[in-house]
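Next, two complexes with chain A in common: one pairs it with chain B, the other with chain C.
Moving on, here comes the complex of A and B:
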């Protein structure tokens, strides 16, 4: 088993090394994009107060460093990053990192639940479809996944609120917990879970469809492999053959795509957070755009890309664990 | 080697009776009879596409989805595998009946260690604990002559050479001491030096474990060395069956004679510089549009009635030939010995 550990360690080192240039690229490109956007926080603040003069706006800009040349601002931003700081928000007048860290757990919870739900249900449905290929369970599920695939998440979310919250009154329609209920322990967990069900389900429908179709295709391909015939020739039960021999091999392509989808899951989370008034990063980003608070937006971009890169490394690790042919180091 | 006449008198361990297998729109095995006695090695020979592999897959009920057994019995230990329930079939596969395949490179699961893949069949059929199955797996790796089995057992297949993978396949196949092993071109994908080792291993295990072996091959050198009896197939039909010695001494069917002539031999002193290697003109699936003999379009000795009457296998002594003209011109002594059979 030492070989497996060694392999995983090498995969980890390689993944981290590869992540560094990616993050540098993200920082540079995001910063330039922010500079290209019209307007700034001072414009919005001035507009809201209604009594601003050119002088007060100049003071505001000077205070947040918005009047500095682009290069100076960039150097300042990078210097901050080197100290694990994302700067201060002009709009909220608190460190950007505090704003983001306050929202990050809720977004990660939503994304993680949606991804977990999508992977488990998607792989499960895909396995059933592949086992009953071209028979009625496969045909019915094909239609269902096609629906999941084509209906936008926000519509699913609205319909879910209409049915489960408004109609049946089973689940809360928004927020991430009951406000000021002062719940603790398991009561709190239960409360958050109840709030989580609808948004996580709405966010995952598209991904359930993607993983189900992918798993079906991958399993059908693996089913034709010689080693599956070998497994059958051993006298194994079809369920054992399907899980131990077919699914395990089919998971390799599925995990690759699942990892790639984490980025789009983050994008989808913004829409769902708005529908369910979920206090996450997505809504913070939306507010930051509306208030032209680009330091917050930049911070969110950097943090989300770190999340995506971390997930990418984790997927590589999972890959290496699933497929022994992936060697961490080039030779071997 | 087992005395073939003694083997013939014993009730067969395994018998195909009138087996017909087809893929959509294409019959592949047509009315095949085949019997295998306990401990016997029967070689199934013929060109690619003649239905040898399909016969073995059908016997194990491992045909791909599109393949169908249309007719016939597959008798094994008093049961008909052709109509056995999936559960009964699973109980036999890997325990009483086993098979190894042509492609050792792809026949092992790439994501599981070889130890697990061997242990799996022991846990399934002998209900061993994981630990006991692992210990047995190490013994089996040793049995198939893999060096340092206790270290190799945790390797994944991609770490092993083709020859070693085929040994692992053999270890899996013989793990539960089956009575019958199908070996579908077990050495075709291996290089020549390894071929002999793997075949010797199979032959030794057959003797030691008392199992019968159905050896599917197109290599007549392999047949001559390892088989007790040979069944020659052509386009899904059995065209000739004889003990190995008799077949090589006096091939009767024109197709068998062609096969033997096409095999390169050193003892004739024939080198490509001195003479051309013989070949059978045409290809086996030449689209037979007459009711007669499938080999007729390629047969050098074809007669008019060959294309009209389907040739029935006729017995000459203890051999069978599906070619009336060949039977007629066979040496008299043999023909007399089997006369009463030949009439029927």
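Moving on, here comes the complex of A and C:
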């Protein structure tokens, strides 16, 4: 018991220690990269206006602090961070943390359901493929997963909208809820779920394919192990062997990759979010780049890297649970 | 421009509805109240009130909440909004407004002349175009709470066209006074006098506006609520229209390639009226700092090589009219319709290039860097056409595709281009929309949408400056005609076309295109049938 607790603590400490240089790196590199992008927030806002004067540009730059030297801007940002503040967005004139927090629930909902769906379906399909290796269910599913893997998400999304929203009228074509409908309780849950189905499904197709292939490969590898032969020799039912001995050990690579995907999906679901006008972090990040609203982009990068580090720790803990041989201080 | 006389508007103001102006079928005698209008937007502006900016989306949302002194019917005639009557003195040095009585702000405070004076002086100080529009305004007097008099140092003949809500919104003095305009929280949660009251703005998702029960023009507004939805993807917007989830969208909300199909739709209306206030105009800007393009023969040769009708057909799918002069045909009072485009004549173009000292050597004469404003995807098709047309002459054109911020900086900051396709609209008057492109004093590197060609002609400067202060409409027209002739002759900019914009709306939505600024109206008249 004490050992488990120690292991947990050690994993946490290690994660936090690893997080600090990662975060510093993220902040420095992204800040420098953004300086290299041509134009600034004032250019964009003046540009959107279609009209501008030297005076209005100067007002904007002064308000955004863009008239300060780069080093001053950087020090200001780091000082803010040290006070656990992400600063203010020049464009929206609100705290960056507010913008991110407003998007976070919808982002996590979309990401969680898409990844959850992908993991369950992917592992299921992979297990089926591994059990019927080189027979027709395996062959058919291989083609299906290849399709899932190679069709771009925006196309899947648009096709889904055309079929289910425009054609059949079953599901809404975009947004994360019916706006100003005043729904509460189960009506609201139902409403959000209806809005969630298409984007989550479109987002998950690629990951379903990845997890299915991974599970299949890992299970095939584990099937050749001695302990599996032992379990079979003990007279255990094939299903028990497949689930408890093979699948459980095959899950380690799948969960590792899924953990990595959490990080990339946090800001990387931009295409799906755009197609479904889903108010998520990916779009916020994309728009921050286009509008040169760098404090927002930095904020998203910092939050994302924190989430990645946290998920990393959680995955380590999960691995420790899946496979007791993986120690907290070792590498899984 | 409208005739500038005092008008008694009592008669018009009591009419329940200005629908006969709509051109959208017969007026409905008594619109029914109720309904939620779902309005779609492609982009989300940084704030909602066009008091210190001219963002496209702010110009659409703002007027529902904060009104202007006037609106303009489809023929450019001013009609009352917060002002009930107006008069301009013969010398053009004073402009008087009678204000509408018994109007209250959404927070319950009364609307008075002090609000109008404050708004106009604020626009003069911080609005990108208002600085020019109201530059000659030296004082705004408020002799009574319902009367405003603008005193001008010089005549400003365009000024009476500037009082639409999208251009010169009237804001509450008590909300804005004593604070920096740009950071006032009311920019994102406006308080106005308009038919709709701001309720919420969920960034990245939507805005909700509720009916103003105390609106001065009762029983309007007819709608209960407006929901603004932000859908960034053009295909997703047309899918949302097709699925019936959107009632209306302005500024061409669907891909241009779908406009023709939608015109035949049994459920949707596609209207090109209601955009003259923007004065759409697209042009090819030459960088005259390039020694090759500094030669008039070369610019003329390029003009002869480009078929404007083809540009219109290929880039804009024919959605617009060819407009070879700097002033769009939309501004009828000033457009010189007698000026013809340079004849499409590649042979003549080749001769001109030979004469200019750029003969064909190994199939090539010289090369040019071409940029285009990514704001409209038609521009990328236009630049592709230009590349082909010039390629046939032996001019090698390299096209660079830049994102918006980089584009603005490259063209107007670094000036690292040779030719570029741009959309510099005329606005509602050439002094405000055209002068900036050709006036030598507006060559200001670093300033977006200025004189990007680096054109300098004293006579043109004189004409522009005279037209800006000429109160006599006929004389002013002559000045602008003279200007167009010179520019057409010297070609610092090759003017291409005036593209149409479209409002797409469900057929059941009525009353949305009654004014020259269509979707930028206050929507008090919009209703469902």
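One rule holds in what follows: the second predicted complex is superposed on the first by the 310 of 332 C-alpha atoms of A that agree within 3 Å, B and C clash if a C-alpha of one lies under 4 Å from a C-alpha of the other, contacts with A are read in each partner's own complex, and residues count from 1 in each chain.
Rule of thumb we're sticking to: contacts are C-beta pairs under 8 Å (C-beta built on N, C-alpha and C of every residue); 3 or more make two chains touch, one makes a residue touch a chain.
Worth saying up front: this structure is predicted, and the values here are computed from it rather than measured.
For the composite obtained by superposing both complexes on chain A, the positions of chain B and chain C are free of clash and fit together. Between the C-alpha centres of chain B and chain C, as seen from that of chain A in the superposed arrangement, lies an angle of 160 degrees, given as a multiple of 10.
Of the two partner chains placed by superposition, only chain B is touched by A:234; chain C is not. In the superposition on chain A, A:113 contacts neither chain B nor chain C.
Looking at the shared chain after the overlay, A:305 reaches neither chain B nor chain C. In the superposed pair of complexes, A:225 makes contact with chain B only, with no contact to chain C.
Of the two partner chains placed around the shared chain by superposition, chain C is the only one that A:274 touches, whereas chain B remains out of contact. Judged by the number of chain A residues each one touches, C leads among chain B and chain C. Residue contacts after overlaying the shared chain place A:162 against chain C, while chain B stays out of touching range.
For the pair chain B and chain C, the minimum alpha-carbon spacing after aligning on chain A is 46 Å. Residues common to the contacts of chain A with chain B and with chain C across the two structures: none. Interface of chain C with chain A (complex): residues 36, 43-47, 52-56, 126, 128-129, 131, 180, 182-183, 187-188, 199-200, 202-206, 208, 225, 227, 229-233, 235-236, 239-240, 242-245, 403-410, 413, 424-425, 436, 444, 446-449.
Interface residues of chain A, counted against chain B in their complex, comprise 1, 3, 224-227, 229-238, 244-245, 248-249, 322-325.
Across the complex, chain C is touched by residues 37-40, 43-57, 59-60, 63, 91-94, 99, 102-103, 158, 161-162, 165-166, 169, 172-176, 179-180, 274-277, 279-280, 283-284, 287, 290-292 of chain A.
For chain B in complex with chain A, the residues that touch the partner chain are 60, 62, 64, 86, 89-95, 98-99, 101, 103, 106-113, 120-121, 124-125, 154, 156, 158, 169, 172.
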